[in-house]
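Structure first, commentary second.
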Amino acid sequence: MAYDLSQEDPKKLAEFQAKIDAEIKIEPKDWMPEGYRQNLIRQISQHAHSEVIGMQPEGNWVSRAPSLRSKKILMAKIQDEGGHGLYLYCAAETLGVSRDQYLQWLHEGKAKYASVFNYPSPTWADMGAIGWLVDGAAIVNQVSLQRTSYGPYSRAMVRICMEESFHQRQGYEIMDRMMNGNEAQRKMAQDSLDRWWWPSLMMFGPHDSDSAHSSQSMKWKIKRESNDDLRQQFIDKTVPQAELIGLKIPDPNLKFNEETGHYETSDIDWDEFWNVIKGNGPCNKKRLDHHKKAHNDGAWVREAAAAYGLKQKNKLQTA
Amino acid sequence: MAYDLSQEDPKKLAEFQAKIDAEIKIEPKDWMPEGYRQNLIRQISQHAHSEVIGMQPEGNWVSRAPSLRSKKILMAKIQDEGGHGLYLYCAAETLGVSRDQYLQWLHEGKAKYASVFNYPSPTWADMGAIGWLVDGAAIVNQVSLQRTSYGPYSRAMVRICMEESFHQRQGYEIMDRMMNGNEAQRKMAQDSLDRWWWPSLMMFGPHDSDSAHSSQSMKWKIKRESNDDLRQQFIDKTVPQAELIGLKIPDPNLKFNEETGHYETSDIDWDEFWNVIKGNGPCNKKRLDHHKKAHNDGAWVREAAAAYGLKQKNKLQTA
Amino acid sequence: MNDSLYKYTLRLADNGLILSHRLAEYISCAPFLEEDLALTNTGLDLLGQSEALLKYAAEIKGGVDEDWLAFARNEEDYFNFHMVEYPNEDYGYVIARQFLIDVFNYYNYTQLVDSKDERIAAVAKKAIKEVTYHLRRSSEWIIRLGDGTEESKTRIQQCLEDLWMYTDEFFEVDEVQEELHKQGIASDLNVIRKQWNQKVAEVLEEATLTKPEKPKYSLVYGKDGGHTEYMGFLLADMQYLKNRYPEATW
Amino acid sequence: MNDSLYKYTLRLADNGLILSHRLAEYISCAPFLEEDLALTNTGLDLLGQSEALLKYAAEIKGGVDEDWLAFARNEEDYFNFHMVEYPNEDYGYVIARQFLIDVFNYYNYTQLVDSKDERIAAVAKKAIKEVTYHLRRSSEWIIRLGDGTEESKTRIQQCLEDLWMYTDEFFEVDEVQEELHKQGIASDLNVIRKQWNQKVAEVLEEATLTKPEKPKYSLVYGKDGGHTEYMGFLLADMQYLKNRYPEATW
């Protein structure tokens, strides 16, 4: 929803745009047009929710991890993602909205999370594909966001990118081991790539031409590169990695363009893209219900912690 | 708790005893001393509860049954046991107490169930041992109870015995197949016998000398044979069956006495016996909690059925 | 091998196999004893239907038996509806899941009685009696809960809302269905969709419940081997002994 | 092979292996994000301790590695406490289970730091820092819930009552424990029982909770391979891939 900039004080708006153009970070205390704030409220909270909801498809396999090493790596990885969620909720709170409010919007369907997590993870190979492809796509996006104009968000991205690349390597290693395993493991790895390839391309969002938020957020340097550029970077990086370990990208039209130096792919199935965004993916309901249930089942614990905290404070004051 | 017979009308008591001695069944409408009624209330309800609680250790493996045939047989067997529970609750209700009241006593710990079901069923071989040994012991008991003096209980026993022997054969067949299987299956079968042998002997209760209810219920022909006689019948029948398929009875002192024509065994570990009866067996809490949970979780369904029934009745009356 | 016939037979077989598995898990958990026995009975009927169909599928495939098909396939080689994978959260879900499937089974087997494939027709002839009873039983329960107490109406309505998204798959027509329907072997899912909608509407109306609308929800259905995340954990239990002792017979 | 040392090492290893498994299952289910991360952290510590001990046990046994021990044993060859098999019914059970184990781990590892077996002593030296933190964390939660709201007091009291029967096993001394204690390798469970009772009493008092009494409840404990019925289903998940693809490495 584009905000009516004409309502804003032109002088402040000009100063604000000048800071942006001069690559000066905007900090929580600084003046900002309402549209800028709302844009970030939507984007940072969605990013935070995605990290937390993303714990579920991987949590689905942590109890069936096939080795001590892979179990430790997966537990640590999911824990990192939860930690990323924390960084991002803190960044989002600097915009004047509490985490409870953000969670309420999520539960009411008013806020979203990355719709790639609405796909199921039916096999162990998905732990490889999610690390390699989904985290891989997220990294391309987050490296670019390190240069976002809003200070807290940019700093959160710098910290997250350090850990995220580690996750991508772990995911790729799972695929590599499986492609060097038995016939069943190779088939499982290829099947997983077949299911996750297109959803990871969809993570970059619609073509810029039909992306509602794109242009304004580019102007405000919230977003530094276009959806299609970022997607292309991901494709060019990932296709050779697949070929290196004998995996076949599920796209008959995939070919390398010598002149441009880029891979060309078929277009994305945008019906599926919008269908899953609208809430009709395989796991939309399951993910949200799971998050709501954990939140509601935990209310008594949060209330107890608050009540206990109050009692201690009162004791301190009266002591 | 022995009832004070001296309170009873001596003439009626004498007529009642004459009927018992003449092997005439006592029916719900007939006069009976309060002690007789209370003894049956305790025994039949305990028997009914045992059939129902007995569904849990077998339900524990129905989702891991290893073949379609064994899954069908196990499901049908558990269903039969539930059906036996129904016969027995009906018989118990003829004594003037409702099933709800019996269930409440069970949940309050005032009524018991066969403490053999307080042992866990950790392996598939236990489906064999429970059928062969536990149902086997129950059959010896129930064949004798077919001649119990209380009509409804005796008739219930006749129906149950027909199905029960079928279950014992199915249990024995599982053990037989496993003893003809691989090394792991043979070990699993022997381990299962080692765990269930003594608990099934305990099913016959304490030696008659120290059984609180025995003598009075023998006089009233509620109980037709002593605990030790019934146990001996079971031992003599079962030991050869074990040896036939290569299973070893876990009792170093087991030996056949040529003169008496009976097997002699070590004595039972009565500490363990009373410990489990008192509620300290491995699964006492789990079995009862499971039954309570199913009952409490189902309250809204029972209430709805009752409310709906009432609405229909009212419609009929006003129509 | 006739791939389409093999897959179609497994679609029918696996619905019974997985739903009977869920009903087996619910043993000793029902609201009262009579209902526990009745649900086990439904489970036994479905398991019996499934066994006959698995036997047939094993013959079509060759080299395997019905136990191998039941206990040794990879997850993506099972072709049951997503609906039957839904866990036994409480009695409302168990009976709502049952009702929505019973209506389908009733109209599907009614057609399959006349299937050109005698094996499938034979299974249908036996099954039609069973599923007719299943349908009557679960319809009565939907009505009792819908028109029972305030609490039961709210709860059963919510269960129907939650499970509704899984009903779309019942009527998905793909090349396998079309090919076999043309040969007079498979049922006509478009006809069944109408009958199903009509019957469900009737029962919900008598139950004073509202009919949820139907979002198309999944990209890959169970009918093509794409399962919900519930399936893996179900198979971990069901396949445990087969996986651990592959050569053993029981 | 030194049977007693092998079994004693596995007793320590399996407590960490199975409890970390339960904590892994609880990922994304905690009352709020920070607690989710903290519990996963505890799980990672325990899994790390377990891995080091499983490596040692594999060396003692010979011919197997720590992954085989973790994922391929028969149920009766695992020697963990029954307590760690208890499912994550809700947060109250997760934190009560953790607290009762943390107190034991703290005093047990405090002694094992001086174990005559260097490998066990080495694990203890690393673990003592971790379990000290675990104990502080879970004690604080027992106090918060005990002295929080009426509802939290009632609920955490019930969880402690339900789990109390599993604590007896912690202090069961059998020949294995005695033999190794005499050699200065294993800890003195009688001393630990007193320390445990005292610490638990302290925390419960501050939490305004009552200390349940302690029925002796089982005949065969996990320490001797006799498990609760929860263990089989846990292993069905944990061993799934190992059972299905015995030769595969991942």
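As written, the chain order gives the labels A, B, C and D, with residue 1 at the start of each chain.
What we mean here is this: a contact is a pair of C-beta atoms (placed from the backbone, for glycine too) under 8 Å apart; a residue touches a chain by one contact, two chains touch by 3 or more.
Just so you know, these numbers come straight off a predicted model, no measurement behind them.
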Study note, to complete from the structure: Neighbours of chain D that also touch chain B are C
Study note, to complete from the structure: Quick note, more Cb pairs in contact for A-D or A-C? It is A-D
Exercise for review: Quick one: point me to the chain whose Cα centre is farthest from that of chain D.
Suggested key: C
Point to revise | Mean-CA-position distance for chain B and chain A (Å) | key: 58
Exercise for review: List the centre-to-centre spacing of chain A and chain C in whole Å, with centres computed as mean CA coordinates.
Suggested key: 37
Exercise for review: Could you give the separation in Å between the centres of chain C and chain D, each centre being the mean of its C-alpha atoms?
Suggested key: 41
Exercise for review: Could you list which residues of chain D touch at least two other chains?
Suggested key: 232, 236-237, 240
Revision key, fill the gap. Each of the following residues of chain A touches two or more other chains, namely 64, 184
Study note, to complete from the structure: Pairwise, the chains that touch are A-C, A-D, B-C, B-D, C-D
Practice item. Could you please specify the touching residues of chain A with respect to chain C in the complex? Key: 57, 60, 64, 120-123, 184, 191, 195, 272, 275-276, 279-286
**Study point:** Residue ranges of chain A in contact with chain D within the complex
**Key:** 52, 55-56, 59, 62-68, 70-72, 75-76, 78-79, 82-83, 85-86, 89, 124, 174, 177-178, 181-182, 184-185, 290-291, 293-295, 297-308, 311
Study note, to complete from the structure: Interface with chain A, chain D side, in the complex: residues 20-21, 24-25, 27-37, 40-41, 43-44, 47-48, 50-51, 54, 66-67, 70-71, 90-91, 143-145, 147-149, 151-152, 155, 237-238, 240-242, 245, 247-250
Check your understanding: Can you list the chain D residues touching chain B in their complex?
Key -> 74-76, 162, 165, 215-220, 226-229, 231-232, 236
**Study point:** Touching residues on chain C, where the partner in the complex is chain D
**Key:** 232-233, 236-237, 239-240, 243-244
